[in-house]
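Each chain carries a letter (A, B, C and D) given by its place in the written order, and its residues are counted from 1.
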Amino acid sequence: VRVRYAETDRAGVGYHANTFVWFECARTELLRSLGAPYRRLEEEGWLLTVTEAAARFLRSVRYDDRLVIDCAIVEAAGARLRIEYEVRVEGELCTTGSTELACLDAASGRPRRLPPPLVAAIGRGGGRAEEEER
Amino acid sequence: VRVRYAETDRAGVGYHANTFVWFECARTELLRSLGAPYRRLEEEGWLLTVTEAAARFLRSVRYDDRLVIDCAIVEAAGARLRIEYEVRVEGELCTTGSTELACLDAASGRPRRLPPPLVAAIGRGGGRAEEEER
Amino acid sequence: VRVRYAETDRAGVGYHANTFVWFECARTELLRSLGAPYRRLEEEGWLLTVTEAAARFLRSVRYDDRLVIDCAIVEAAGARLRIEYEVRVEGELCTTGSTELACLDAASGRPRRLPPPLVAAIGRGGGRAEEEER
Amino acid sequence: VRVRYAETDRAGVGYHANTFVWFECARTELLRSLGAPYRRLEEEGWLLTVTEAAARFLRSVRYDDRLVIDCAIVEAAGARLRIEYEVRVEGELCTTGSTELACLDAASGRPRRLPPPLVAAIGRGGGRAEEEER
């Protein structure tokens, strides 16, 4: 993802809260690459809700920087998923972070086992992706 | 509304697209002051969708500036509403703008007459509000 | 650009103010394609400030939709630039809009003639671009 | 802070990344209440940069909910500050979180001791604030 002008702040750098939006972009592409695009999961009645999010900001990112985000599913059990992220600009590590997601049934709002295509993909050793947009 | 750090960009000023979010804040308070809070309208099956939006940026606004937004319903007919906005900082006019809203039935997505409390309030000469948050 | 989950609202569609951020993405790529990336323009002391912005929303866009944005410089005179935009999803026109930009000297904040590479590109019949990200 | 329509997502709830923007709103008011408004700190050459951010989402927040955010400086040493947050809606705890901030010299980008008014206020047992906007 390219850092948008809208995403900078008056300190001239990418505003930190946007990092969690970039994590979402990476997560979306990760699910897509595993054959389980999130839009389809939702249409089929699953919701993945962020229950925890954390990030460490090592270096700031700048306007128009091209972010390369590596992300990997590091834990998947029952109705929970833990994903870790690393954001780099030209090879330099800028941010690390993680999110915990709870899988819910969209209709009832109750916890629900992870979708089978996701479980299968993780079993095949998937769940690791590198997003490199444009 | 106070301009948030998140809402500035690296030119040091409020990022222009956020203006339309501030317009929304003013519109929300306008509806509330007319006795028709938008959350309740939605619960009762109305949707107000923005069909047009425009703004002229006369002066930039800065971090932590306290925006005073005047807004007024200038037209209301059938299923349409036109609202105009003026944003000031310490009395100085910074931005003018307008939005057109279409009133829809939430279930069918079809145009629907404006909600009666809104029509009544407009008839009483309401539809003019000044938002001055905090 | 893909519509991000962060960019949707509770009506389930892309929140209208984000349209102006997507316009910015398109504008950025337009300038890049003309050999005048905006980051470099800023480094060289130019600022392009949005003075007017307008959009008409014909159809809503949805989460994960892939937006194709056509944009073109339709006027360029002195220190002013007018750009028009069309946003499509799978060939269907969803949004039209325009922005007026003023070219400023970053140091003085005064109007300044458009950067020569931009003027040259426009003269060559450039200034028309289609952004199709990912 | 009222949850804005712009801040919801298509799951109908406040989008999680905005939580860090609301933390910023609370932090800003905390600094203001300590006699050290952040805008003035920046004008005087200090920068407070977020180096770590984390949140746990216990309950989702909804459109137009009125968030009451308690925040407190729990550590302040040298050039570092740790702030903790609790977000409630009508008394119910929705989110907890924390941010680590590094104090920098705006000109050099080097670590710099915390601004004296802040240190003094913390010494007086300040550094605890409840933000209740509107």
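Note that in this section a contact is a pair of C-beta atoms (placed from the backbone, for glycine too) under 8 Å apart; a residue touches a chain by one contact, two chains touch by 3 or more.
Only a predicted model underlies this, so the values are computations on that prediction, with no experimental measurement involved.
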Shared interface partners, meaning chains that touch chain A and chain C: B, D
Selected interface, A-D versus B-D, where C-beta contact pairs are more numerous: A-D
Most distant chain from chain B by Cα centroid: A
Whole-Å separation of chain centres (CA-atom averages), chain C against chain D: 33
For chain A paired with chain D, centre-to-centre distance based on mean C-alpha positions, whole Å: 24
Centre distance in Å when chain B and chain D are each reduced to the mean of their C-alpha atoms: 27
Multi-chain contact residues (two or more partners), chain B: 5-6, 11, 17, 21, 24, 63
Chain A-touching residues of chain C, taken from the complex the two chains share: 2, 4-6, 21, 24-25, 28, 37-39, 42, 63-64, 133-134
In the complex with chain B, residue positions of chain A that touch it: 5-6, 8-13, 15, 17, 63
Chain A residues touching chain D - in the complex, by the definition given at the top: 11, 16-21, 24, 47, 49-57, 60
